[in-house]
Each structure stands twice: as structure tokens, then as C-alpha cells.
């Protein structure tokens, strides 16, 4: 499935890392509005760094990031968020000393994803709205992290390993929620995931990172079918 | 009976005195998780600004209080931008050392500017003396302290702690990286909270200095009390600070009345017992 | 040993492991230099030997806190209690006729250590702010008690009538601080050597393990809480020795020896020098005490300002203390010389 | 049925008013490779915390190696041979792997009492530590700071630390968490090589790993044990599909 | 054993004085006061008094060129004081000391001063038996506790205030003062209505004040150290309404010290204290002294007792050095001059006791009054030549 729509995110020759250390080397890719892109790769190749660079949490070193046509590579993270970039971090990182409700309320600034609507999307959160976030189970924390990212009403959603460590049934629930989000809000999603079967099955395109460099880019369906390539790039014992 | 009630009232008043003295630290330590011992210096500064305004410029008492609050808030936010913000992420001990260093510096600077002597306070006539309330002879200033402290506590608890702003501050403290990526302007929120904490500390200084005597050693003298109140109350809660202040105030005054030979043991012993029993304080949120 | 060297030895892993621990325990050149220089201070012309013995005593005191804070990760705001108890025990012995200093020192260590064990047992389950406040509270209580018990301790006036016999029945404590210097130096050095051995032993490794991750130590079957009281006992005994040294070299013992101010000072000294390195306390004491002496003579009224500024500068630019910063600099220089740019 | 080395009898647990377990009767046989699966929040990690003594059950008994250990401290259980790893790495970040393993070995041998003998004098234990690291491919990293190791290696070290104690029962809380599929298989392959008398109880979400390495599977859901059976039967169970595996 | 010791000491001292005499022209004076912390004011005032004195009398009495060596004792801290005294005596070779202040510091310094034969002036410690008894070269220009703590008992009874409540800070000087006052009260046939000891760090008095109220005394006698405790208790008694209901407040001069009587404010009005010095003392010498001091301090400082003590120490020192004109400095001759010396001080006539160097002086009973809009301790009765025991 190809999207010919407007390019919402345009990353050009991007170098970034932490302090002086360089993790990403000349990364280039684009994402169209409404598209879902998956970033694959082994552990420690820079997938999380890529998402955090788009959020503005790493040290930008060279290159450009254009979001909706504007250069954002030097903007503070909260400004990027206000421009429409939402992020669900790898370790969920919900605010532990806030209740579920507060976790959502602190970032909600108006917009179509009202807290009530987020509870519709993740009914389990509604049941636990007054509990401290640190008391939630792993799956609930993951839901809260995604709901929190949605609460700031993003156009682009960055998901870092949204199904890692979840029970199979919860994985299915999560995938359904993501699909529903896309259907309802025409969200653009960039997702990092190690469970490539799940990720590829539900996305449009994928890029593969290795040591901070994009080594392959292809439509997801094509990639999923090519077992030899998967094995070579991701070291998957088929 | 009258004696008991008077003692009880005085305990409550002392509790509110402790509350206004320590609520500044409660905000910075409790809400922002920043061990800012320099709050005691902000209190001293508040005391000096207060005495300068009241004594030097003859500004009415009730007008002096907001002046003190805003002046100290401004000073504290300037310092926050210059120094403190680089230390939010460091560990407790580093923060203790930094801020105790600043306390030392503030003592020397206050000596330089205001001299080593105690300041003179001429409080307005309406606030000194005694009043008869329900047959008890109570000190007017203590009545004022109870009223002012109560209003302050209610304002802070419902205006700062239990609001979205309070939650935002806690979110920033919990995880600054994520908070900023979720659209919270963490720098602004911290600076704002810091200013409130500083302003409150200054207000505490202004309200307590005339009772306690104001000289350049003010910060070191009352630091221990402030620390005791805030940690017994528990990190992260203004309500806790209020409860602890009142409990300690009443216990101290009652203790001094009924068993004067124990002196300040009561307050210290209470500290040790409470902290052994509940290391996170009476209303602390735990680890 | 750097990572590259270690990797090259991986071919003979067993030897490499033994070598690693042997190298940790070995005395380094700079360590010998440090103690030699400290001893050599004595011979500098115009040196204030009383001041130097005070530096050594504070160094030992800060080292005692290092066992607790640097190695076991337990902060204490009440460490002066042990110092003061050591000081008063040595003082009482001197006052009531047991004037021999070395046995007096041991007895003071024993009493302080026993108190440390009790205090350790009391606080072994408490951490963080709770621990700080409990130790602070206990410090205030003990201080108050000593201050108020005029009949027993002389209160504010200090303990009077302390007599200390010459060391080894020969070296008298003179006003020049000659005996004081050597007595303090030798005692501090011997206690340092013992502490060093203790910390290089499996027990020392276990302390570090519990500092790094108490929960994990628990699941390795380690007596994590017991280690707290043991660390307290050792640190208290060492602090007691420092207190006894001060009493014996100056024949005074006063409530300030166990004031909260002193607990704060020793913490500051240790952090300035750098915790977790055994030498941090001594380095901190040299810097802090000498600077305090110098600045307070130069500007008696405003020296607080300069000490405060020193603290601010240290935490701003040498965040972990002087010694670790020097170590980092040294490592960086060395790696640049030997391995080229870091990989 | 062969002898049980670890059993819980009628174990009840709740946090405040929130009931975690109604009454769990569980048993683990000597030498078994036993997996626990179940939805997030079903109390799997709580179960391990209870068994190892980090938490105390509201009611019920825990038996280990023929002894009631319900009132034992965590340390006593470790000394008896009941050892665990953590779901999120819980390592000694500032120490290197050799020192970390030495900590475990010195504890096992009871040699961590205060003494003036240096660690260097414990030559046989140092050799044992190096051999253990070598077996898990960590010898080359023995002197690197743990915090600087790759995630996969830290995960292995987590297991090595537990194994150094020569446990009778090894409890692994999601040993493959955060690892790629391949790394997960590597860890389980190493575990499969362990001597047969060590029983292994592991929590795992990756069904491929569970069905490949487990002899027996327990399914936890909603405060109780739904099923304890062979992997084949579990996979086939409609009830398990409903609460956990999904369609 | 003892003889061996004293021989060793003798040789050390011989070496010391040999070196000292060769470098004669200048004479170093150690000034050991607290310049920092809670007690910094004493040091500041001492410095001002010395400066004022030298402005007037120069710095070469008897041909000795004086050089001051100032050190900060930081308060009652014998460890620091002892080391500083050692340093000033052995390294700086100071031959006369002003200070150290505070009893513990004085006691800690005594052995060094005795051994090195260094005369010293006790300008800031009041405990009995710490002067000549401890170091035979010391003289006190401050006061001894009984001088201030005894007289008010008889005075109060004479005024008809028979029931007296005693409040003292809970530390050694407080205990001593309490003992002297209660003994004197018994002697004067007064009644002790009760007594309380209050902690040294105490922001709150209301519990204690209720106790005083319950005891219904005619007067309360207070001993508190200089500073916030004195301010606190006087204000607290006033604010509670006890003073308005007729309770008389008495105490040693500390509670209305000129240094902070302004901070006590109107609460201090009418408080009766014993004192050794008041700026209101009527004498030509005092008027000149006060004027000079105010000029020096640009009006920011009021004269405290440490200033007078330092001034008198300088007075005695200069007189003694003048008497040694043309000779080498000799501590024994210095002592011989000082012990038994009588002179006129801004506070009135003063005599140093011949046998142990303690001070014999007038004690004044004063009342706080407003003079020209400023609170002052006005002398209302003089008790002449009060001994130090």
C-alpha cells in the first residue's frame, strides 16, 4: 500500500548521538501522512536513538529534520511535541507518582483525543484511573504510555517497542488499538519493534538500521516474505 | 483548664510558625525533589527585606508581605537560572553541599550588608499585645499567625498541590526527559515552582524573624528545625508538612509545659522515632 | 589495568583473574609517596605541627565516614557522635588516672565501636532521608545530653583535668606539637593500613556490592542489614580513634567535638576529597583544614564566604570530589598517550 | 510423579485490598524445566517474590527441599539453594563481571566476614569465577565495567550470578526480556546445558522459547493457576487460548 | 618523672625566649576572639576598641612596637582555640594575648600559656576560678559570674519582690549563675517560686511561660547567653502579657545588652539587670570613650562589654609596658605589674586582684529606659568593689 500524500517527516543526512558520541550516521528517510513506518534492526543499532532524535532528546550533530516542512532539528523537545510529535518511550516511562488520570491530564492541551476518548480506546485504563501509574502492570503501563502520547494530539506518533514483554493476548489487543487509532485519526506512525512478524504484518513500509546506518528499505509485505533477507539483516533463525 | 487551652493554642500557633518557616523547603524538596538548604537563606533575605521595608521605608505591615514574597521569588528565580538548574539531576549529597555552600556565602554577605547585629522590628500596634478570646488571653500575633498560616496552607494545598500544575511539577520531577518530550516546558515549570518556593521561604522569614531575632546566622540556626519538619511531614506533600508542623508545635509546647526538664529532647526524640517508624515521613509517598 | 590489557590476557583467563585482584591489593607508588610526603611535612621549616596533626586527625575522621558512605553507601549526619564519644572516653580515662595514651586509644575505639554497632542495628533498615534525619536526631540528642550534663562532662566548659602521660612513657605532648604530630601520624597510618586491608578483603568487596545493589546482594544470600551494622561499627571505631587522638594531643574534650556542625564538616571534607577511595578523606582534610586556617587568618570575619565558595566550586566543577577528578584527568592523559583516540 | 523440590500450599496474597492470589498450590519437581506463563498482571513476578521471600504471603505455606521455609528470610532461602534472577537487570553497575561473580562465590562459601585477607588470596574461587565467565562467553569482558557491557551480555551475567551460587532451584524472571529472538535462544541453549539436578522455573512471554525448552508449563491468570501440564497440552487447551494465547 | 618533664619544658622555653629576645623591637600581641558565626560581634567590638585605643595612645607603648596577630576562635571551640593559641605562641611568637574568649577556650589555652609564660587578658569568659588558678599569667578584664548573678537577689527582696522565678539557659554558665542566684536569694530571705532550664537552641517559650504564670511570682530572674535567646525570652514574657500584669523582669546584663536591646524593642523597657558597664555611666572618661566608639563605628555599633574589656586590657597592657620602658619584655615583671593594678575604666574604678589576677569592680543595677528615643541601660544603683567570688 503506497501513500502518495504529503511528506510529513523528512530526515536528511542526519548525524546524532549522545554528547560527542555519534550513533546515527547520515540517516535519510521520509514518511508520508497517514503512513506507518517500521524501524527494524538488532539490539543497539540506534533504533531508539533515531526516535529520540526526532523527539529532540539526543544531541543533534548534523543534517536536517523537516516536520510539516519546517526545520525542527534545533527545537526544544516540548516545542516539537506542540508541533505534533508524540512519543511512547521504550521502557514506557509513565510518571510513577501520578495517577493514571493525572498522567493524561498533565499533557492534555485540548484536541480530539479527550481523556474520555482515550479511555474508550484503552478501557482497562478507565478502570484504573485513580491508581498510581507505578502500580500498573506492564501491559497497562504500555497502554498508558501510548495514551499519553496521544493526549497531546499528535500528527506523528513515535512508538518504541509497544509490544515488548507483553502477553500474546495483550499484544493482539495493542495491535488492534493501534489500528483503530490510525483508522480514526489518520495518524502517521513510526514504530521501532524487535518482534518483526507483528510489526511488518501491520505496517506499510520498513527501514532496517545497522550500526547507525540505514542498510535496507522496503515495503513491509515484501520484507515479511523474504526470509533469507530477514535472516541476513536481523539474524532471525527462521 | 484555661492553662491547658492556652498551652494548646500556643502549640498550634507555634506549629503554624514552623509551617510558614518550612513550607518553602517543602515546595522545593517535596515537589521538586531538590534539597535546597539555601531556602533558609531565602528566609533570612525575606526577613531583611521585610525589616527594610517596614522599618526603613515605613511601608504598612500587610503590604510588606507581598513585597517580600515577590522580591525573594525574583531573587530565587534568578539564582535558579544561574546556578540551581544545573543541579536538578545530581544526587542529594551534591545538592546539600552546593546549597550549604551558598548558605555560608549568604551569611558572610548579610554580615557585610546589614552588619552582624540583630535587627530591630517595630511591629504595628494592631498586631502586638493580647486579646481575650472565649475567656482566654491570647497573643495577637499568634492569632494572626494561626489565621495567616491556615489561609496559606489551604491556598497551597488546593492551589498548588492538588491541581494540574502540581501534577505537572511532579511529572517533571518523575521524568524530565519524558515530560519535555510530552510537551511540558520543564524549564519554565521548574523556574516557576522554584520562585514560589523561594517566595514562600522569604515570607516565612518575614513572619518569623521578629519573634526569633534576625541576624546573619539566622539560616544556620533554624535549618535543623526546617529539615525536621519537612522530613517528618514526608517528601512531596504540603499537607504532610502542615500536619508535621502542627504535631511538632503542639508536642514541643506541651512538652515544655508538662516536662520542662526534657527541653528540646522531645522534638529530637520524636524525629528519631517517626523516622525509624516511617522513613518516608508521616505522609510521604514512599520510594 | 585498562580494558585493552585485560583483553589481551584473556587467553590465560585464570592468571588474568588472579593478577587483577593482586593488582588491586598492591600498594601503588603514589600511595607510598603520599604517606612519605605527609610524614615529610614534619621537617618543613616553619610548619605548624599542631595544625598538621589536626589535619591528620580530621583525615582519619573523614576516612572513617568513607567506610560508611563511600564503601557502603550510607550517608550519616551524625558521625560526630562517635568522634565525640571517643574523645570523651579518652578524656575520662585521662581524668581518672588511666593516663597511658595507647591503651586509652584502644579503649576509646572499643567503646565507640560498640556504640556504632548498636546505632547500626537501630538504623539498618532505614535508608535515604529517613536515615539522614535519624542520625541527625541522635546526634542532636547526644550533643544536648553532653552539653546539659554539667556535673558529668563539664558541659559547655569542656572536660577538665585531663592528664595524658607521655607516649611510650617517653614522648611528652609538648606545645610544639612534635609528639602530637608523630603520634597522630603513626596511629592514623596504622589504622589506615588496617582499614585498607579490610576493604580489599572479601568483606570490603561485599560492602561495595551492597552499596551498588543491596537487593541483588540479598538475593546472593548476603547479610545486607548485618553489613550495615558492621560498617557502622568499623566506622565508629575509627571515628572514635580520631576523637581520642584529638583529646590526647590537645588534652581537651568539649561538646563541640560531637556537635552537628562537626558531622556536617566531616561530610563536606569527605565529599571535597572524593568518597569511596580511602584517600578522599585525607585529601579533603588537607584542602579544607589548611584553607580554612589560611582564609580565616586572612579574613577572620568573612572567611565563611570563601569556604562556601569553595564548596560551590567543588560541586560545580569537580562533581565527585577532587581525587576522582584528578584520577579521571590522569586516566584521560594516559589513554591518550598509549591507545590513541578512544575507540 | 518424582519428588517435588519446591511447593506452595494454599498460598494467598493481596496488596491492601487487591487480591493477587486466592490459593495457589504449586509444585516444582527436581531437575524440571518449568515455565510459568500468563497475562500481564497475573502475578507471575509476585509469585517469584513470594517464593524467594522478598514478599510474605498472607496465608499458606512454602516448602523447599523438604522444609517449610515460609518464615525464612530471603538470605536463608538463598543459602538453602533457591536462587533467582530479575526481569530488569539488577547488576553491580560499577563493578566488573569478575568482581560481581566473586561476590556471589564468596557469599556462597561464607567468606565475606570481616577479615584482613585480601580477595587476591582466594585463588581457587577466582579461578572458578573465571571459568564460569568463560563458559558463558564473558571471559573477554571480565574486567570491563558492567554498565558498559552490551545488553545481551548483561542479561547473561544476570544468569551467571545466579548460577554461581550452585542453586538447587533457579528462578528466572523473563531471562530473554529485551533480547532479540536469536539472543533469547542463545541464553536458553546455555541453560539447557546445565546439569540435570538443577530445577529451573522461568517466566517467559515468547511462546517459541516456552514450547521449545520447557518440560512442563503452568498457566497463571486472574489470581489462580489455570493449568499445569505439558507444553503440548497447554498449547491445545481452549481455556489457555482464551485467557492468554489468543486466537 | 616530674622533674624530667619540667627540665624539658625549661629547655624548650629557654630556646623560645632566646629567640624572642634577639628579635626584640616588635612585640606581637595575639588577639584571639570569635569573628565569625553566632558570636562574631564580640570579635568585631574587640577590634574596634583596640583600634580606638591605638588611635589615641599610639602603638609603641614603652618603646615596644606592637604588632597584632588576629585569629578567629569561631566561638566556644577549645580544639580550635588551643591550636590557635599554640600557633600564635610558638610560630608567631606572640608574647601577650588578648583572649581567647569563652571559658572552654580559656581553659584549653591555660596549659600553653603557663608553659610558655605568656600573659593573657581574659576578655570574654566569666566562669569562676579560670584565671590565675589555671594560668598564673592571666588577668581578667571581663567579669566573674557571681558579680552579676548574686546582687539582684538582695535588691529584689529589698524592693518587696519576694517570690522569684529563675530561668537559666541549660548549659554550664547557666547552671553556675542559677546556683549563685538561688544561694543569694536564700541569704536574702527571698522565696524561690520555681526554676526552669531552657535549651540552648529554643525558638519557642510559651510552654515555659505558662509555667511561670502558674507559679505566680513577683519577679523572674533570667540568665541567657547573648543573642537570640535573650531577645526571645524577654519578648515572649512581654508578648504573653505577663509583664503588663505586673511581673518584674530581672537578669544579668546579657538580656538587654546594648548590642541588641533595639531588637528586643519596647519589651525591654523597665527590665532590671546587673551590669559592669553601661554607655550611660557618668564619667568624663566614659563620655569620651563612647563618643570615640560611635565615631569609629559610624553610629552603627553600640558599645558592648567586650569592647570595654578589650579597652581595659589595652589600658593595663600599655601601663605595664610603659613601666618596662628601656628594658626587655619580661613576662614575670609584666605579671607583677598587672596583678594588683588599679585604674580608672570607662565602666568605673577597676582593680586586678593581687593574688590571682581576677577582677574586682563596681556592679551596677540598671533599668532599661528610653533616652533620647533610644533604649539604654540606665544605672540606678551602684554596688562598689564587688569581689569575684
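Worth a mention:
Note that the chains take the letters A, B, C, D and E in the order they are written out, and that residue 1 is the start of every chain.
Operating definition for what follows: a contact is a pair of C-beta atoms (placed from the backbone, for glycine too) under 8 Å apart; a residue touches a chain by one contact, two chains touch by 3 or more.
Nothing here was measured: the structure is a model prediction, and the numbers come from that model.
Common neighbours of chain A and chain C, listed by label, are B, D.
Using mean Cα coordinates as chain centres, the one most removed from chain B is D. More C-beta pairs touch across one of A-D and B-C than the other; that pair is B-C.
Taking each chain's centre as the mean of its C-alpha atoms, chain B lies 34 Å from chain C. Taking the mean of the C-alpha atoms as each chain's centre, chain D and chain E sit 73 Å apart. Chain geometry summary: the mean Cα position of chain C and that of chain E are 38 Å apart.
Of all residues in chain E, those that touch two or more other chains are 37, 40, 44, 170, 197, 199.
Listed for chain B are residues 111, 224, 263-264, each touching two or more other chains. In chain C, the residues that touch at least two other chains are 144, 148, 301-304. Applying the touch criterion to all chain pairs gives A-B, A-D, B-C, B-E, C-D, C-E.
Every residue of chain C that touches chain E in the complex is listed here, in rising order: 46, 48, 50-51, 54, 144, 147-148, 150, 154-158, 160, 172, 174-177, 246, 250-252, 254, 256-257, 296-297, 300-304. Those residues of chain B whose C-beta lies close enough to touch chain C in the complex are 83, 86-87, 90, 92-94, 97-98, 100-109, 111-112, 224, 227-228, 231-232, 235, 263-265, 268-269, 271-272, 275-276, 278-281, 287.
On chain B, the positions that touch chain E within their shared complex are 3, 6-7, 10-11, 13-14, 17, 111, 115-122, 128-130, 137, 139, 141, 208, 211-217, 220-222, 224-225, 249, 252-257, 260-261, 263-264. Those residues of chain C that touch chain B in the shared complex are 75, 122-123, 126-134, 136-138, 140-141, 144, 148, 260, 264, 267-268, 271, 301-305, 307-312, 314-316, 319.
By the touch criterion stated above, chain E contacts chain B in their complex at residues 37-38, 40-41, 44, 170, 196-199, 201-208, 210-211, 213-214, 227-228, 231-232, 235, 239-241, 244, 259-260, 262-263, 265, 300-301.
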